[in-house]
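Structures follow.
Here chain A shows up in two complexes: once beside chain B, once beside chain C.
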Partner chain A sequence: MGSAFVLRKLGGALLTLFAIAVLNFFLFRMLPGDPVNTLLPRTVSQAQKNALRIHLGLDQPVFPGIVRSPQGALEIDLSTLPDSLLQNQFLTSMGNLLVLDLGQSFSERKPVTEVIADHFWPTVLLVGTAEVIALVVGVLIGIRAGWRRGSRFDRLAINGSLVLYAVPLFWLGMLLFYLFATSNGIALFPGQQMVTPGARHTDLVAYWVDVLRHLFLPAATLALGLIAGNALIMRSSMVETLKDDYVTTARAKGLTESQVVRRHAIPNALLPTVTVVALTFGYVLGGAIGVEEVYAWPGMGSLIIDAIERKDFPVLQGVFLVIALCVVIANLVADMMYGILDPRVRT
Partner chain B sequence: MALLEVRDLVVEFTLGDGRIARVVDGVDLDLDAGEALGLVGESGCGKTTTALAIARLLPANGRIARGTVRLDGQDLTALDDAAFRDRRWTDISVIFQGAMNALNPVRRVGDQVAEPILIHEPTTTREAARRRVAELFELVGISPDRLREYPHQFSGGMRQRVMIAMALACRPRLVIGDEPTTALDVMVQAQILELLERLRRELGLALILITHDLSVVAETCDRTLVMYAGRLAETGPVERLHGGPLHPYSLRLLRSVPDLSGERRLPAGIPGQPPSPESPVSGCRFHPRCDRAMAQCVTDVPVVRSFGEAHRVACHAVGEEGRLRPPGELPRIPSALAIAAASTSGVEVAVDADVLPVSADDLGVPPGDPREPPADRPVGVAGPPMPPVPPSVAPVRTTTDASAPTTDDLPRVDA
Partner chain C sequence: MTSAAAAAPSPARRHGRRDAWTHAWSVIRADRQSMLGMVILVVFAIIAIAGPILAGPIDRAGANRPMLDPSLAHLFGTDRSGRDLFLTNIWATQVSLLVGVVASILSMVIGTAMGIAAGYLGGRWDAWLMRLTDFFYVLPTLVLALVLAAIMGPSLSNVILVIAVTSWPATARVIRSQTLTVRERMFVDRARATGASSARIMRRQVLPNVFGLVLANTTLTIAGAIFLETTLSFLGVGPRDTYSWGRILDESFEAGALTLGKWAWFVPPGVAVVLVVLAFTLVGGAFDEILDPRLRRRGAGPGAEPDATDPGGPLLSIESLSVPESLDPERRGG
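Moving on to the complex of A and B:
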């Protein structure tokens, strides 16, 4: 893989990130209403409101030549030029972004970066576990189903996958919760949170055992949904690849059936799967929001829901940016993987 | 004893709706060591299926229903899969059509060529295999520096050379070339054919060359085998068959090749299409498209008769003296019989009984001398352009039922 290839992909990813940051900025500025009114009780004076506005930098024009009217709508006001060329919220915001300052959370009175950091790793743990399980299990099921197309295993895999694929993840989560975390079914696992509340863990091993017990149900929920999608893609990819002429060539050369599949069919069939897994990473994070809410998993999904309820816009803006970053990185990784797997794109 | 001896080969495909289509129907084929046989016919005539059956590469819904394939006297059809696998590539290798898809796009060409060596000769070290692949590359005219490249880095002709190197990797005695020059431009085509011819001489390979290009056969092969609709039409030494074809189908096929030195016009071609395997035609399968069709052709399957020098032909219009009789000498076809046959065989026939049979002049064949090489006198050169269809039993076309499966439903019946 040439360094030019890597640099081009990295450049593309950075450009995407910048576009997302710009979009994210305007998305939240275009929301109607005055954040200051949301933050302060109705009873405070106009002077106090203005003081907060200046403190938050909201008195500045949004963008060169664009200001926010008292009614809260964005308006073009060319009289602010040329001062607003340098002094505007956009430049300030982008500058802050460069030093990883995402502002203060309205509700928690601490930096957004810290709030997100608290919730980031639980989500990474949950989504990472689910993705790894789903990738391995889904691909294995897809390989076997596609190889033995029309067999009982294939029919079972397709129908099972379609059902799982169609079921909303939060509903599947509730079902598993009901069956395996409440006394209505068999209460094998704790249903809520990431660790048992109030528990004092004497050592790291006990802590992780507790976390894994809590992780099992939400990760299983998310993984089940993902396995279905991965298995379906891998299966159809296998079916297509096995029709290719080079598979016949391999057979003609005297390879055994399993050699044909292992050496010539699986590596080639993995290519589309890699792309799709990366492309759906955003949906996975989206699906994780519902699952986290069902199991009260203290991740970014729960954080988003809390932030919406509390109108904590800086946190929302920050979470959106982090999620976008994750999707961009997932795509970058997929591009690199593709470069390793497929020599044709390496040029 | 012949190296390859195929007797009464019947290949059947099971269609999606459970019906059986017989794609190859009773083909005999002999090949001596070091001999080259050209297998010709239109698309869908069963040439590729015959070859795939010999190499046991039929798709899952196809099977050899009858017949034997003997290599050195040993019946290959009797071997189980594991035993046959050991014979693959060491005895019979295949040069596939269009090497783009026949090579795995994500593996290095050197590894792909070395793969059969390492599988069939487990004692070979990787380094020894690599050296042999380098030799093979030199043999087919590729720089051994390109071992570590991928198929997409090669041009079409170079890829075909890689494919040929791969086919020779385990020193097979029989190589089947499945339209190895199709989709290559003419210059490259000539180079590849020259290479095949040279390798065949140097290595003493027996070659089955599948093609629809008769001039390719004339240049590279010792014998020709013409197939029509899954059956043998005519086979014989290249000079005899090309110089004086006995079967009307061979004759028309040879006429379909444009004449470079003659007048500038398109060759006559053969109107109509071969019948589809799932609705076979009665009697001689070529009769709906044949200008010499007689009552006998509609009812009786012609037997294969020999006319010296391994020249064999299956046609009712060939007399005992080994001469294809011109239409004027043949009995008229009763229209009632043609219609009756058409209704049973599922083809629609428009018969104009008054103009039957068509005169020999209409076809440009000098009466009494049908064996004259057709290139000498292009069809209809003197008079007005020949009507594309002789008005006798033609135009004939198969009534294609929209719901009936076409040959497209058969994977790789004849690519």
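Moving on to the complex of A and C:
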């Protein structure tokens, strides 16, 4: 892969990240009123408010030539100009970002970075498990449906996927919860949280068994939603591949149909599918929010909802940045994989 | 404007358009799936329009009779404050469909304007507008919508605005590539030769020729918008002054309907979402067939010429894997 291609993609990703940081700055400056009042609970002292005001640079103009009036509205004030080019909230906030200072969460009284770190791994565990299940099952269904195109299995796979695609994941989660975690159905699994509350695990094995039991339903919910998409993508990839010349050649060489499919069609059809998984990463994180809410899974989805309910804007801002960062990285990985798979895009 | 192509639709063209509609209808009628979709949509449209008039305002069945199980008097039972849930669902149908339709129209206007401008003006305009589109396309829709809704505050108009602002990029991309092929067509050259301005050509020549695609996209965008509204309302940032399917689900969840076994509280609104979203997807699939020249019978309606290659596009794109547009996860918003 040419280094120019890598550099160009890397540059694009960095530009996107910068744009996200800028968007993030202006989004949260859109909040009406004094940011300190929206960023802090009403109970803190005036001294704490002033400390935050100076830390965030809120005593400075918002942007070169733009100040916030005492009423909270943004106004153009050109008299601040020469100084405000270097001293403004925008530059201060970008500087804080560069040193990974996302501010303090006021509901947990910890730095935002620590709060996010606490919730990061549960989401990785949930999303990772669901992705692996969905990839394996979806690809297997897609191979069979694409190979036997038009068969009863194919029709069933397509129609099933269409229906699954119309189901809101959080609602699917509610149904599975009702059926398999309450006495109204068969209470096979524990309902909420990641571990049984108050349980004292004697060893690491017992702990992980407990976590896996809690993980089963939310991961199954998320996986069901992803299987539909993966199966359809793998199916059309198979259909396209089976039309290719080298498949015809392989058939002409006298290989059996199963050899053709296994050695030639599947490996070639698989690679684009795996790449698409990287591209739909943002959607998976989005879907995980509702599922985490239903199962009270202590991940970033639950964190977003809590932050919104408590008006913990520093946390909300931080989670938004972290999720956007993950999505940009996933897209970069997908771009690189395309570059490896298809030399034509490296122009 | 003396050129025939630039003039108001001639009788022949109008005739052609009617043919296109007849053709569209025959495709839908011949396909069992899209016919099913149409029937579901008509039923829900009737519920949304006539239901609230026939059923009257949501009346508390008596605040002293909350959490009733389904009965003949209360088909879906009552909620925590004694509201009849059957009535609430009928009103929610109106709100959910309304949000879906209005948000999609807004989103289509933004997406179509962006797509036509980028595709027709080309060059630097194309580069910058598409960079903006890709930026919004990359951002996870639901997360951005949640943050925006949290900042703007919960209200019906804010939720509509949030959905429109977060869901236009997919449309812009589709319309742009269609515009690129329309731009190369003869009648656009002729209009340009007669001295028509870019704005006029975009309005009078390009827009009518991408409009079919815009409509087809609308069915999918509405499905996505209803999906997004339901999720936002369930997560607690939806409108608080009216009931939508998502809000009923939110309240049932908060009230512990799952553990209390109140299935009639959370099953009907979810089934409604699934049916409507599925119906829009099925009808959208028929539109794909109507508009995709490869699936189309020869000489059916205007614009039946084969798809030109996209000179500005990437050599390999996700579309080339032929993921059906209706299944683009970005459209679901969670």
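The working rule: the second predicted complex is superposed on the first by the 302 of 347 C-alpha atoms of A that agree within 3 Å, B and C clash if a C-alpha of one lies under 4 Å from a C-alpha of the other, contacts with A are read in each partner's own complex, and residues count from 1 in each chain.
Basically, contacts are C-beta pairs under 8 Å (C-beta built on N, C-alpha and C of every residue); 3 or more make two chains touch, one makes a residue touch a chain.
Every value quoted in this text rests on a predicted model; they were computed, and no experiment measured them.
Novice: Scan A:Asp101 for contacts with chain B and chain C and give back first, second, both or neither.
Specialist: Neither partner.
Novice: Which partner does A:Val163 reach: the first (chain B), the second (chain C), both, or neither?
Specialist: A:Val163 contacts chain C only, not chain B.
Novice: Should A:Ser237 be classified as contacting the first partner (chain B), the second (chain C), both, or neither?
Specialist: In the superposition, A:Ser237 touches chain C alone.
Novice: Looking at the overlay, does A:Asp210 come into contact with chain B only (first), chain C only (second), both, or neither?
Specialist: A:Asp210 sits against neither chain B nor chain C.
Novice: Using the superposition on chain A described above, determine whether A:Tyr178 touches chain B (first), chain C (second), both, or neither.
Specialist: The answer is second: A:Tyr178 touches chain C but not chain B.
Novice: Using the superposition on chain A described above, determine whether A:Gly286 touches chain B (first), chain C (second), both, or neither.
Specialist: The second partner, chain C, only.
Novice: Just checking: does A:Lys253 make contact with chain B only, chain C only, both, or neither of them? Give me first, second, both or neither.
Specialist: The answer is first: A:Lys253 touches chain B but not chain C.
Novice: Given the superposition on chain A, which partner contacts more residues in chain A: chain B or chain C?
Specialist: C
Novice: Give me the intersection of chain A's contacts with chain B and its contacts with chain C, in residue numbers.
Specialist: Overlap of chain B and chain C footprints on chain A: residues 342, 344.
Novice: Can you tell me which positions in chain A touch chain B when the two form their complex?
Specialist: Spelled out, the residues of chain A in touch with chain B are 243-246, 248-256, 259, 263-264, 267-268, 271, 341-344.
Novice: Please name which positions on chain A make contact with chain C in the complex.
Specialist: The touching residues are 16, 19-20, 27-28, 30-31, 161-163, 165-171, 174-175, 177-178, 182-184, 191, 228-229, 232-233, 236-237, 240, 272, 276, 279-280, 282-283, 285-287, 289-290, 293-294, 304-305, 308-309, 316, 319-320, 323-324, 327-328, 331, 338, 342, 344-345, 347.
Novice: Note which residues of chain C are touching chain A in the complex, please.
Specialist: Touch residues, chain C against chain A: 135, 138-144, 146-148, 150-152, 223, 227, 230-231, 234-237, 249, 253, 258-259, 261, 263, 266-267, 270, 273-275, 277-278, 281-282, 314-316, 318, 321-324, 327, 329-330, 332-334.
Novice: Quick check on the complex: what are the chain B residues that touch chain A?
Specialist: Where chain B meets chain A, its residues are 55, 57, 85-90, 93-94, 96, 98, 101-107, 115-116, 119-120, 150, 152, 166, 411.
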